[in-house]
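Quick notes on the structure that follows.
Going in written order, the chains are labelled A, B, C, D and E, and every chain counts its residues from 1.
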Amino acid sequence: MRKCSLEKLDSVFAEIANSFKLYLPVDDKDGKAKYSEWAEGVKWSNALNTVRSPKDFFFPQTEDLMGFKCSGKNIEIIDTRNESEDFVVFGVRACDVKSFDILDRVFLKDPVDSYYSNRRDHGIIISVACTRPAETCFCHTFGIDPTEPAGDISVWKTDSEVFWQSNTEKGAALLEKLQALTEECDADAVNDQKEKVSAIMKKLPLAGLTADKFGAGKTKELFDAPEWDSLSEACLGCGTCTFICPTCQCYDIKDFNTGKGVVRFRCWDSCMYSEFTKMSAGQPRLTQKERFRQRFMHKLVYYPENNDGLFSCVGCGRCLAKCPISMNIVKVMKTIGGKENE
Amino acid sequence: MDKNNKYLQEEILRMSGVNPRKCMSCGKCSATCPAYDEMEYHPHQFVSMVKNGDIERLLNSQSLYRCLSCFACIDRCPRSVEPAKLVEAVRLIAIRKQGANHMTADDVPELLDEDIPQQAIVSAFRKYSK
Amino acid sequence: MQKITREQLIDKAVSLLSDGTVECVLGWEKGQFDYDITPAVFNDENELRENFVWNDFCGANFSKYLVSKTRKCNGKMLVFLKPCDTYSFNQLLTEHRFDREKVYAVGIPCEGMADIDKIKAACGDGIISIDASGDKLNVHTLYSDEPISVSAESVFAERCMNCKSKKHVAYDELLGEDGDVIESHRFDEVAEIEAMTPDERFAFWQNELSRCIRCNACRDACPACTCEKCVFDNPNSGVENKAAANSFEEKMFHIIRAFHVAGRCTDCGECSRVCPQHIPLHLLNRKFIKDINSFYGDYQAGAEVGTRAPLVDYTTDDLEPGEVFERGGDNA
Amino acid sequence: MQRIGVFVCWCGSNIAGTVDVQAVSDALKNEPGVVFSTNYQYMCSQAGQDIIKQAIAEHKLTGIVVCSCSPRMHEATFRKTAAAAGLNPYMVEIANIREQCSWVHKDMPIGTEKAIILGKAAVAKVNLNTPLTPGETPVTKRALVIGGGIAGIQTALDIADAGFPVDIVEKKPTIGGKMAQLDKTFPTLDCAACILTPKMVDVAQNDKIRIFSYSEVTDVKGFVGNFDVTIKKHARYVKEDVCTGCGLCTEKCPQKKVPNEFNLGMDNRRAIYIPFAQAVPKVATIDPNYCTMLKTGKCGVCSKVCTAGAIDYKQKDEFIEEKYGAIVVATGYNPISMDKFDEFAYSQSKDVITSLEFERLTNAAGPTAGKLLRPSDGKHPHTIVFVQCVGSRCDSCAQKGKEYCSKICCMYTAKHAMLTRDKYPDTDVYVFYIDVRTPGKNFDEFYRRAVEEYDVHYVKGMVGKVTPEGDKLKVQASDLLTNKQMHIDADLVVLAAAIEPDKSARPLATMLTASMDTNDFFTEAHPKLRPVESPTAGVFLSGTCQGPKDIPETVSQAGAAASKVIGLLAKDKLTGNPCVAHSDEWMCNGCSSCERVCPYGAITYEDKEFRMPDRTTAIRRIAVVNPAVCQGCGACTVACPSGAMDLRGFASSQIMAEVDAICK
Amino acid sequence: MQINEYKPLIVAFCCNWCSYAGADLAGNNRLNYPADVKIIRVPCSCRVNPMFVLRAFQRGADGVIICGCHPGDCHYTSGNYFTRRRMALLFSMLDYLGIERERTRVEWVSAAEGAKFAATMNDFTEKVAALGENKRLEDLRCKR
């Protein structure tokens, strides 16, 4: 483990930015954190987390896949790929780091999504441990320890110092470059912090939330639960939850005719949308209830079924904060999962 | 139309805001004019002379000062041409010509008699007192 | 703190349910925390007593739900309407979007709703509970031993700070006292933007709109956006788009959305409330309202049922499109 | 995918002079959907059209683009060509490369480039064209004529003559209109009554014609071929079918002091009256404003004297609903009020009269039994001054009269002057004029006769003021030719008052959704080529409701309107313009926005049951466009927020495709 | 005159009855205007959806002009009155968003006003050319 003083952090960023594009959470003019590229003078946000998740770095909201051009009756294919730049994302919380695992299992499974995998290969993740979890946090429900974030490098920030520990070769190589700006140290301060935060975690309103009722093999039990009706009653069918969710990975591929050619691009899609996966025969899920159920069943049952029991929610709490009608996965888990969850 | 007349015409049109081309030569202005018999050129001729740029002749005519400014022609004109405003403007041109007034304010009292309408006296002083 | 109490509302709902006037109640359901309240349909007294809430976080405008809910409901549905909700209610009626006969509307006074983001900005994260006393909100958080007290007014949602009316323009029955239409300063911010140079305006909106993630929350929450199928969802419309592909798409979406609700928007502020990216979308709608007022005379959508919206109306001497800049004050 | 043929016209050198037509046809060959492209000297010629027909057959074309002159010129031609070759005529699009390209650009490369782009836009549009078939609606074979003056009478007679039933709605108790009030008619001087009343009798006796007199149209719904009209028949308190028109009641009625409107108030009639001897229907009418019985319940004289028992004091207004295929507006005119012309002392002296009043004064059936006597003292006038253009040809700023020329005044004034001089050679007759306008057959000859044979003093100039003094009228006028101001002591002054459309026209136009000009004259569908049709299909114009005109002109227009109506009623079905709006019922919100912008009332709403995506059924309010009424402006398509409303032939997708093609 | 002046792309929506005929008349009278102007025929100016205007900008237009019958002369009685309101609001909004106001225009051109049509197009093209390329309502994908 290495450390540097808080004052030196900017020099560290500068050093990283020498070799990579460096992104980190920065406050915008409304005080909301969002990932922005670091440059001299750009300050790391104090916010617990960003409004949007960092999945954009690997799975951007829209991404051109290819282009083609028709001249006369011939079609010429144009390579539009641009995902080969090395970059570093700093300040990723434990929950969001975990989300990359969940996305990996989708995109890196055969057939590998080369756009995603290229970006993964070129990206280095520097995670940061949480110190002030919010009432909406429930990462522990999915076995995530916010004080032990994964990633290529894990970082702990105390009042005066920043502690660095590499977890992967990529991480180690980067830390190597920061040799001059950091010094070797023990983990005492970090352990102190972990203890304190763990104590807070126990006091969180959602501390008792478990996913025991969910997981692989629960489809039959939960699919026809009567509660879906009332839960989905108020859902507006917007895509807020989906688009801020770090693990939602659905997309649509569309062709855009520019007049000069065609750009084939993909963009995020939401299972909450009435047009989602519309086929010539229509949509498979006709009502908002079905679409609503799909989203939560996927996160809590279908995905674990296909991925060794791993839930496709990381408890980041974004949807709790942002749903226009305040319906969210926690309410679903508590209602469908029965009283003992409360 | 010579240059001076052209210039005067433009000035008159600008000052009066009248468009003499709207005139359809019905003669109602002249028909209604109480000072008709005093005039060498009558209201409808005023309009057509301004329209044709025949300004110098107008300026030199006593008719200019026979108009009582009663505005009957303005009221009656079916085309809203407003001949009295033209008369007014031509008078102003005369006034603005330094020393070109055909008389001064001092000349007015002499000319007064009982038949002259009050309006004409007021009008005369307005013109010649400055 | 709201003047009318939760118990009063529940009692009213229970009595209307028991005398058979209504079949069900559209109301607010308590959430995990004190502030995450969900609109819900209540069918009996037990449900109401257990889960119905009424507090400073009941901001959601229910009017829009009436379009879909009344189609499903056989009898009458009770809906509680805050003053601003009643304007949307009327506008929807004007557009024949639901059957008035199927609704029993109870007007309830509103003292202004709180914006949880403002509270979080003032008190920090980790909010465990919020209780109201007088005009203060006491916020209990994980990170302070004592509750943090903030004045309710200081954490009002933007639309409540610029409340345009405390008057109910539609109801079957009114609980508490009716208020008045308020001289608000809601157009000040629009005027500020108008006063910028075109370059500043462009930069301002570029910054705001570029944050749009096209989640459609603004549209889906908007009581004027009740189209059976939105043009942006319709592949045949030529403007369909699922995600913000580039800065043009965002502008297209927001201009057209604002245009489609122009003259119909009651300025209820739901769009800005629900935007996860805090884009001040109400400033687009208010621009149209301000323009309509100054070009064609004051018009408040939803003030009455059956009025002709300005965009489906005209006079023969309306101002020309080229004149709008003179009328709107030339600031360029 | 369409199979599109492109045909580039040279138009001799008109296009080929500035546009490389070969380059255009070559370039368009590569556009999506295009399977054939050629160019030819004159595409509109028979040979050119044959090329198109042949290509349609040979290449199995599903759509064609003709790059040629304006579609306003030859779109119809090429549509016919396509139809002749078995292609739906609406699969034709024109790229306007002449008026909007070769004629406005000088440079060959620039012109060629633009022509290609315009061609591409047309190709892009045709790719999205769909074959359109005009809708058909049945035609109700009955016509309605609103107004029973000479215009309405002639129209009705002509329509009835062709075998179609016609109803005339007249708001007065009798038909006949203004012409019935006239004495003689210019330029032949035959007596108006002698030529009008036989026609009125024809109307009364024609079994195809029904007269709703003392009636008004209160509501019009529907559209061309299918109008639903509500007619309000005012209570006349006399049973029409019982009254024999003997006129006894009108002699016995004790209420004698009712101003007689037929004589313009120059004498009185009774409270029960028949407007004039030849009235049709010849039925008495009780004036409820003056009838003592109706006002106080006491009197009943008419009822007592009526041997037929036709009087019915309890009669109520009656509403009749009838269907019509066509409506003719013949609402006529009135002289304008003289209130704003104080200078002529109309309100101060009874001896200042309007020309229509003069007609009554000289009419044998008028208040003076045809003797020209001064209204004030019944004396014979010696000096008579006629003033023309009173209220006509006024500037709009003056806000006194009308901007237009009333057209008939010059001629009737000449007639009045001539007749006066003829009958009373001892009179001095002056006519003050601004211009004398006599374009018409035998019109100028007539006017010259007044001057030359009858020694009428025509004075070029206007009367400035008229001042009553004793029993004389002091007339001050100008004689512009001698450049003198004239002062005449007249006995009678006759004002040729401007004429204006009847006041009932404006509300009627609203009911009919027919357009009017600023003067409240009905506008024609086209001022030159469709002068007797209103822009609203199925509504036709007859007489002075369309603009000032004299009797022969009115009669010929009436006949023309009738022939248009006959042409319409002769059809069993109407084929409409297929380029109309249509609403996608799944997307429609039923919000009424479209209805509110539709100028034709073509959109109605219905509640329809739908099986919703969530498998429930719901009753939804949806818009329905009546294709027979829709004219295809497209206002509704933009008013519709959900995009449910679209326009055939100019679909949003087609216009956007054109935009895209142009902006490539 | 400037040399190497920017050649803008102008989309002109013209109503079939007045303005399109006015454009034809300009042609009949051989009144020149820049070839940068491309006309799209619509039945009435009220057929022009704000979406079409934005679409044109998206696809690379530098200016959009809508021409219709003079108010009061609409072939369909009232179409252009609606156009007038719609476009007044739309243009005001575009201006509010910082988009150059000279890029949009509504002009009433009757079937008899061929000269006005040509003059309008000359003037509009000149003004738009002075602004240069449309950057503020562009869709970069369409520029490739």
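As a working rule, a contact is a pair of C-beta atoms (placed from the backbone, for glycine too) under 8 Å apart; a residue touches a chain by one contact, two chains touch by 3 or more.
All figures in this text were calculated on a predicted structure; none of them were measured in a lab.
> What are the mutual neighbours of subunit D and subunit E in this structure?
For subunit D paired with subunit E, the chains in contact with each are A, C, in label order.
> What's the overlap between the neighbours of subunit C and those of subunit D?
Touches both subunit C and subunit D: A, E.
> Average the CA atoms of each chain to get its centre, and name the chain whose centre is farthest from that of subunit D.
Max centre-to-centre separation from subunit D belongs to A.
> Between A-D and A-C, which chain pair shares more contacting C-beta pairs?
When the contacts at A-D and A-C are counted, A-C has more.
> Whose C-alpha centre lies nearest the centre of all protein C-alpha atoms?
Per-chain C-alpha centroids ranked by distance to the global centroid put E first.
> Using only Cα atoms to place each chain's centre, name the chain farthest from subunit C.
B
> What is the distance in Å between the mean C-alpha positions of subunit A and subunit B?
89
> With chain centres defined as C-alpha means, what is the inter-centre distance between subunit B and subunit E in Å?
49
> Where the CA atoms of subunit B average out and where those of subunit C average out, how many Å apart are those spots?
For subunit B versus subunit C, the centre distance works out to 68 Å.
> Could you tell me the distance, in whole angstrom, between the mean C-alpha positions of subunit B and subunit D?
One centre to the other, that is 46 Å.
> Going through subunit A residue by residue, note those that touch at least 2 other chains and give them in order.
Counting only residues that touch two or more other chains, subunit A contributes 256, 259-260, 274.
> Hunt down the residues of subunit E that sit against at least two other chains at once, touch-wise.
If we look for residues of subunit E contacting two or more partner chains, we find 50-51, 55, 59-60, 72, 78, 82, 86, 139, 141-142.
> Could you tell me which residues belong to subunit D and also touch two or more other chains?
Subunit D, residues with two or more chain partners: 597, 639, 652, 656, 660, 663-664.
> Taking all chains into account, which pairs touch?
Contact pairs between chains: A-C, A-D, A-E, B-D, C-D, C-E, D-E.
> Which subunit C residues qualify as touching subunit D in the complex?
Going through subunit C, the ones touching subunit D are 71-72, 94-97, 226-231, 234, 236-238, 260-261, 264, 308-309, 311-313.
> Considering only the defined contacts, which subunit D positions touch subunit A in the complex?
Residues of subunit D touching subunit A: 30, 32, 613-615, 660-661, 663-664.
> What residues of subunit D sit close enough to touch subunit B in their complex?
343, 389, 393-395, 397-398, 400-401, 432, 434-435, 460-465, 476-480, 483, 485-486
> Report the residues of subunit A in contact with subunit E in the complex, numbered from low to high.
These residues of subunit A touch subunit E: 67, 256, 258-261, 263.
> State the interface residues of subunit C toward subunit E in the complex, per the touch definition above.
190, 193-194, 196, 198-206, 231, 237-239, 245-246, 248-249, 251-252, 255-256, 258-259, 262, 284, 287-288, 291-292, 295-296, 310-316, 318-325, 328, 332
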